[in-house]
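When the chains are written out, they are named A, B, C, D, E and F in that same order, and each has its own residue count from 1.
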C-alpha cells in the first residue's frame, strides 16, 4: 500500500458515502488501494505520514480555531469597518515539503481572519492577508507554533 | 419549532444569496465577481442541505456534495484566466 | 413494323459518328456512318408509307409510363408521313452537304451526332400519337438545336444565339406542356387519337381559351411568329447545314406542324382565327420587310423564313379547309426551296469567306452553275410561275379573298397578302441580283471564288429539281402526298381543289402579277430604301435580349442577395419572426383556462426565481462584458439546478451542476482567444426589433409553459414507475428510463457527444490563433503558470473524485446518479489537473489521444445492445440478476450497468478530447516559450516563471 | 421528534444560516477586495458547517443511526475553499486591486 | 409556483433569443446556453410540477413524472455537446476570419 | 432477420466507432472501412425495401419494450424508401470523398458514417423524442462535415448553419415538451391516437406543438423564409459533403410528411398547417428560381436548385393527396440524386480552374471539358425538368396530381428561369473557356462517382413506371395512418 494515509482517507470516505456494510467495506478497501495506485503517476512526491496522533490533534485544533475565530470575525464584519486593521504579512517558512506548505496555507485560509495569498517562488515565504492584525510578529509566532510546527512533525521530522 | 427555524434559515440563506448576487453584479472588479460566485456556490450547498432536512429526504445530498467537490473549479478557472489568460496551458 | 423503331433509329445513329471519329474514320466514312441509320429508316418507311397513301393510319404503341398516361405511341398518317419524309429526306441531303461544308479540323462526329439527335427528336414530334410524348420530342428538338446552334462555341454570337433560341423555345415548350396537360384533363387521356376526336369537347370546355393560348405560345415561339420571331435570325450563327435543316425545313416547321396536327382539335373558333391569323399576318409582313434590309445572306433567308412561316400560320388561321391544305402545301414547298437556298448561301459563304451582300457581287462569272440553282430556288420563293412556290402562293391569295370573318375590313387580308408578296419578290430579287450581278466583288476574303465540289451541289440540285417538278407537274409529283397529308390534317374528308398551273384570269393571278411587278419595282428603289432603313434606330434583338437577361439576372442576384444577405442576424430574425407569427396567431385566452390546482408559491422560491431572472437579464445586458456574463450565466445554471432540486429531480440537478462547471471552463478557454469586450450597440431599430422578438418568443413560451402546467393530462409514465424495479431492475426510474426503457435515446445522445468531440478535434486541428500578450487591462500575464497550492491540492483530489464517481456510478440505477454524472465528475477532476499542472504534464500521464476512449465507450454501449441478439431479444434489451456473495450479500448485476459504463467512458473521453485539445491550442503559439507555459511543473520547480 | 433534538437541529441550522449571512454581508460591506475575501471563506464554511451539523443530527435521529455522510460535504469544502480563496487572492494581486489605504504591507507582484 | 416557473422560462427564452440575435459569436453562445436552460425547463415542466416526489421507487408515494426528467437529461447532454461545438467553432471563426463577428470580417454592424 | 430493421443505424454506428478507434491515421484502412460499411447499406436497404414493399409494417421494439413505452423503429414503405435513397446517394459521395477530400481535415470518415447513422435513424424511428435525438446526431455530424476542410467561407457558412440549427433544436424541444405535456406520450402512433381526442386548451397547445414542428422541419427542409443559410453552407462545403447533404433537406421533408401524415392525421388537427406550408412552398419555389438565376457560383446555383426542389416537394406534400404524395416522392428521389451529382460535378469543374474555381466567369477550361460538359448538360436537363429525363417525369406527375394553376406557373416558370440560369452557366464554363486549366487529367473514381449519381436520372426515366408505382404504393400506405398505428400499437402486445 504505497499511500496508506490516502487509502485510509479514501476508505473512510467510501464508508461515509455508503454507510456501513461488509460488502462496502470490502469494495471500499479495493477502491482505496486501486485508485491511489491507478493515479500514482499524478503525485510524484507525496510526503509520508509520520505521526498519526499528531495529525488528529492538529485537525481538532484547527476546527476549534475555526469555530472561535469565526465569532471574532463575525463581529469584525458586522462592526464599524474603520476598526479593522488589515495588512499583508510575510510568513517565513520552516516547512520545505510542498504538500505540507499547501496544508499550512489551506489551514491559514480556513481559519478566519487570514487568507494565504501567495507562496514565494523559492518556497521560503508565505504571504498572508489578515483582516485585523495588531502585531504582525505575534501573529507569525502564533501561526508557526500552532500550525506549522505540528505539520512539520506530522510530515517531515 | 423546526419548521420555524427552517423557514428563517431558508430566508437567511436566500438573503445571503441575494447579497452575493448584488456583489456579482456590482463588481466592481472581476475578482469581486468571481468571489461572489464562489460564495453563491457555497451558500447553495447550505440551501440544498436545508431543503433535504425540510423534505426529510437524503436524495439531495449528492447535489450538495458535488458542489463542494467541483464547484470551486469554476472559480479556479476564472482566477487562472485572470492570472494567465489561458487556463489550460 | 413498329414505328418506335423508326424513331429510335436516328437516336441510335447518333452514337455512330463519334464512334467512327474515335477510330479516325475519313470524312466521307464519317458522313456515311451518320447517314446509314436515317437511310435505313427511310427505307423502312416505304412499307408503312404505302399503307398510309392507301388511306390507312399506321399505329404502334409501347408502354412507358402508363401511370402518367405517357406511352411510346406513334402514328403514321398522311401529315406525319409528309413531315417524316421531309425530316429524313432533307436530313440525308444535309448530311451529304455537311460532308463538304465542314472543314477537316472540325469535330464532325459530334456535329453529326447532334444532327441525328435532332432528327430523331423531330421524327418523334411528327409521329407521336401521345400528347405527352409529343412534348418530350418537342423539347428534345429545342435541346438538340441548342447544341447545334452553339456548335461553334468559340463564337460569342453562336453561344448567345443558342441560349436565346433555347430560352424562347424552352418557354414555348413549357407552355405547350401545360396546354397538353390541360387537354389531357379535358379529354381524360393523352392519346392523340382520342384528343383529335374530342375537338368539340375541348372547344366547349371552359379551359379552351387557356389551352389555346398555351398551345399557341408553344407554336409561335417554335415557328418564330411575331413577336417571338427574334431568336431565329440569331440562330443563324449555326453552321449553314443546321440553318438549312432546322431553320427552314424542319424545326421551325414543328410549330406549324402542330397547327396542322391540332387543327381538328382547336381550330374553328373565332379566338383561333383572331390569334392565329393576326400573328401570321404580322409575321408575314414584318419578316418580309426585315428580310429586304438584311445585308447578311443568311439573315435575308432567316427573315424570309419567318415571313413564310407567317404565311403558313395565317393560312391555318383562316379556319377554312382549303386554307389548311394550302398551308400544308406551302410547308412542303417552302422546305424544298428554302433548304436549297440555305445550301447555296452556304456554298457562297464557303467560297467567298463572307456572307455580306455588300461585298459579294457578280458571282455569276465565278460560279455560274451555283448561280442557276440559287436563282431557280429564289424564283420559287418569289412565287414565279412554273415553280412550286407559285402554286401554294396562288392558293394563299385565293384563300385570303374568301375570308369574311373581319366583315367590312375583310379586304385587309388580301391586301396584306399582296403586300407580303411584293416584299417577297423584292427580297428574292435582291438575293439574285445583289449576289450574282450588281458589279464586281468587293474585297472578298477568299478570291477568286470557285464552284464547290461536285457532290456538295447534289443536294441543292435535287431540291431545286423538286421545286421545278412540283411547279410544273404538281399532280404527278406532290398531289398524292398532299392529299393524304391534307386529309390527316383536317381529320376528315378533303375539300375539292385543283393543283394546276393555270386557273384562268382571276383575282389571285392579278395579285401575283402585282406582287411580281411591285417586287421588282421595290427592289429597283433599294438604295433609297436602304438609306431610309439606315436612318432608323437599329434594333439588335441579341443585344436587347442579352441586356434583358443580364438585367433579369442582376435583379435576381440583387433580390436573392437582399434576402440572403449573408447576415446571420437577419436569418435568425426571420426564424424567430416565423415563430413569433405562430405564437401571436395561436396564443389565445383559452390557454389560460387550465383547471389543475396550482402549487403555492413560497418566499424562497420567489426570491430564488427572482435571482435567476435577474441573472439571466444581466447576462443579456452585460454580454459585452464577457467575463461578467460568464459569471452571471453560471448563476443562472446554479439556480436552474436548484429548481431541479426543488421540483424532485435530483438527477437533473446533479447533471446540471457538473455540466455547468465544464461549460464555464469551456467558455473561459475560449475567452482567451476572443476579444474580451466589443464595441457598443448599433441601430435603435435593430435593438427594438430584437427586443420585440425576444418578448414575443419568450413570453409565448412562458404562456405555453403556464398553460401546460395548469392543464391535466394522462401520461404513459405510470408504466415506468411500475416496471422500473420488476422489469428494469432499478429503483431510480429516471435512470432506468435512460439505460433501459429509452436506452436507445441515450445511445444516440452519447453518440452526439462523441461526434461533437470528434468534430471539435477536427476544428481545432491546425487552428492558428494568436495568444494575447496581455490581459484586457494591458497587464502582462502573471509568471506563475502552475500555482503551488492549486497543484498540490488538485492531485489528491483526483482519486477522491474518482471514488466519488464510482459511488455516483454504482448507485445510479437505484438512486440519483449514473454513468453520465460520474463521467462528468471524473472529467472535471482530470480537467482540474490540466488547469493546475498543464497539458505537458498531463501528457505524460494520460493517453495522448482520447479518440479511442470515446470509441471504446460507444462500442461498449453498442456491444451491450447487440449482445441481446444472442438471447433472441431486440437491440438494447437489458437483463439483470441478483447474486448472493458471502459477506457482501445481495449484489445486483445488470447489463444496463455495462451500458452505463459505456456512457461513462464516452463522457470522459469526449469531454477530455474537447477541452484538452482546446487547451493545447496555446501550445502552438509562442507565448509559452517565454513564460514556461506547458512545462512540467515538477521539473521546473513549481514556478512557471523564468 | 424529540424536542431536544429538534431544538439542537434548529439551533445548528440557525447558527449556520446566520454565519452564512454574515459572510455575505461582509462580501457586500467591506471596502476592498482583500477584506471581502475574508467574509465568505470563513463565515460560509462555518455557515455550511452549522447547517450540516443540523442535518447530521436530524437524519441520525430520524433513522435512529449515526448518519455521517454529510460530513463529507464539509470535508470537501475544507479542501477546496482555500484553493479558491488563494487563487482569487493571487488574481487580485496580479490585477493590482486597490486596497484600503491603511493596509500594512503590500501584495506581491505576480 | 407555476407562474414563477412560467416567468423564469419566459425570461430565459427571451434573454436567450435576444442574445442569439447579437452580432458576435460570444453573446450568441451565451444566448444558446440561456435558450437551452429555458427550453430544458420547459420540457421539464411538461411533466407538471411536484414537490418532494422524487421518482425513485419506494421513496415517495406519488412520484413525479420521470419521463420528462429523462428527456431533459438527454437534452442537457446534447445541449452541452452543441455548445461546446459552437464555442470551438467561434474560435475557428476567430482564427480564420480574424474576427468574432458571426458574419466574418464585417465590423461595421454590431449589436 | 428481424434485426435487419436496425442495421441501417448500427452498421454506420459501429463503423464510425471503429473509425474512431483507428488513431494511427491509416487513411487506406479508414477508407476501406467507410466504403465497406456504406456499401453494406445498399443490400440492407434493398432487403428492407423488399420487406416493406409487401405492405407489412415492421416494428422493432428496442429493449423489448412495447410501444408506446419503449422506443420502436418502424419500417414502412416510406422509411424503407428513404433509407434506400440515402444508401444510394451515400456510396458515390463517399467514393468521391475518398479520393483526397477526406484528407482535408480530421475524422472525415467517422463523421460521414455517423451522419448516415443519424439520417437512417431519423427515417426509421417511430418515436418523437427519438426523432429529436437522431436529428441531433445527424446535425452534429453535419456540422463537423460542413466544416470539413479549411477556409473562411466555410467557417462563416458553418457558423450560420450551426447557430440556426441550434435554435431550431431548441424549438423542437419546446414542441416536444408541448407534445408530451398534452398527450403524455412520445410514440408517434400513440400520439396520433391521443391527440385526436384532445380538446380545450390542450388542443390549442397540441396545435402549437405541431406548428412549431413545422417551423423546425421547415428550417431543416430549407423552406422560405428559413432557407437563406443553405446556399452559402452547401456551396462552401466540400463536394462529397454537399452531395450527401442533398438528402438533409429531405430529412426535413420526411419529418413533415411523417408528422403531418401520422402524428397529426386525426381529429381536430388533421390537415394542420397545410395552407401555410403550401404558401411557403410556393414562395420558396419562386425565390429559389430567382436565386438560381442570380447565382455567381456553380455550387451556389446547385444549392438554389436544391431549394427549388424543396419548394416543389413541400407543395406536393401540402396538397396531401396520395397521388400528389407519390409524385412528390418520385421527384424527391430524382432531385436528391441529381443535386448530389451536380454538387460533385461542380467540384470537378472547379478543379483546374485555379482561383476561379466554380465561379461563373470565363476562365480556363475545366479538365475533361467534353465529358463534364455532357454531364452538365444532362444534369441541367434533369434538374430543370426537361424531357426525357426524370425531372420531366417528376414534374408531369406532380402537375397531374396537383392541378393548381399557381403551382403549374411556378413549376414551369421556375423551370424556365433555372434553364436560363443553367444555360448561362454552362455556356460560360464550357463554351467560353479560355485555354486549358492546371490539372491535366480527370480523376477516374471521382468521375465515376459523379456519373453514377447523374446516371440515375436516365435510369429513373427508363424505369419510371416501376419507380412511380413504388412511390404511389408508398403514398397509398402513407395516406392510411391507421395501418401504421395498428402495426405499432398492436405489435408485441404479449411481449411484456
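Here is the rule we go by: contacts are C-beta pairs under 8 Å (C-beta built on N, C-alpha and C of every residue); 3 or more make two chains touch, one makes a residue touch a chain.
Here is each chain with its UniProt name: A = Monovalent cation/H+ antiporter subunit E; B = Multisubunit Na+/H+ antiporter subunit MnhF; C = Monovalent cation/H+ antiporter subunit A; D = Monovalent cation/H+ antiporter subunit G; E = Monovalent cation/H+ antiporter subunit C; F = Multisubunit Na+/H+ antiporter, MnhD subunit.
Everything quoted here is computed from the prediction, not taken from an experiment.
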Inset, instruction - Could you tell me the least number of steps, going only between chains that touch, from chain E to chain F? - result: 1
Inset, instruction - State which chains count as neighbours of chain C and simultaneously of chain D. - result: A, B
Legend entry - Most centrally placed chain, judged by C-alpha centres: F
Legend entry - Which of A-C and C-E has more C-beta pairs touching across its chains: C-E
Legend entry - Intercentroid distance (Cα basis), chain D paired with chain A, Å: 16
Inset, instruction - Round to the nearest whole Å and give the separation of the Cα centres of chain B and chain E. - result: 21
Legend entry - Distance from chain D to chain B - Cα centre to Cα centre, in angstrom: 10
Legend entry - chain C, residues touching no fewer than two other chains: 566, 568, 572, 576, 630, 646, 650, 669, 671, 701, 704, 708, 713, 715-717, 720, 742, 745, 749, 752, 755-756, 759, 763, 782, 784, 787, 789-790, 793, 797, 800, 804, 815-816, 918
Legend entry - Residue numbers of chain F (touch at least two other chains): 129, 133, 136, 140, 143-144, 147, 150, 156, 159-160, 163, 167, 174, 177-178, 180-181, 186
Legend entry - Residues within chain A bordering two or more other chains: 13, 17, 105-106, 116
Legend entry - Which chain pairs touch, all of them: A-C, A-D, B-C, B-D, B-E, C-D, C-E, C-F, E-F
Legend entry - Touching residues on chain B, where the partner in the complex is chain E: 55, 57, 59
Legend entry - Residue numbers on chain F that touch chain C, as the complex places them: 2-3, 6, 10, 13-14, 16-18, 20-21, 23, 60-65, 68-71, 105-108, 110-111, 114, 117, 121, 129-130, 133-134, 136-137, 140-141, 143-144, 147-148, 150, 156, 159-160, 163-164, 167-168, 171, 174, 177-178, 180-186, 190, 200-202, 204-205, 207-208, 211-212, 215, 218-219, 225-226, 228-229, 231-232, 287, 290-296, 304, 377, 381, 386-388, 392-393, 396-397, 399-400, 403, 408, 412-413, 415-417, 419-421, 423-424, 427, 430-432, 464-465, 468-469, 472, 496
Inset, instruction - Quick one: which bits of chain C touch chain B in the complex? Just the residue numbers, please. - result: 603-604, 607-608, 611, 614-615, 618, 627-628, 630-632, 634-635, 638, 641-642, 645-646, 650, 653-654, 657-658, 660-661, 664-665, 668-669, 671-672, 771-772, 775, 781-782, 784-785, 787, 790, 797, 800-801, 804, 808, 815-817, 821, 825, 828-829, 831-832, 834-836, 838-839, 915-916, 918-920, 922-923, 927-928, 933-934
Legend entry - Complex contacts: residues of chain A adjacent to chain C: 6, 9-10, 13-14, 17-18, 21-23, 26-27, 31-32, 35-36, 38-39, 41-46, 98-99, 101-102, 105-106, 116, 119, 121, 123
Legend entry - chain B residues within the chain C interface of the complex: 10-11, 14-15, 17-18, 21, 24-25, 27, 30, 33-34, 36-37, 40-41, 44, 47-48, 51, 59-60, 62-63, 65-67, 69-71, 73-74, 76-78, 80-89
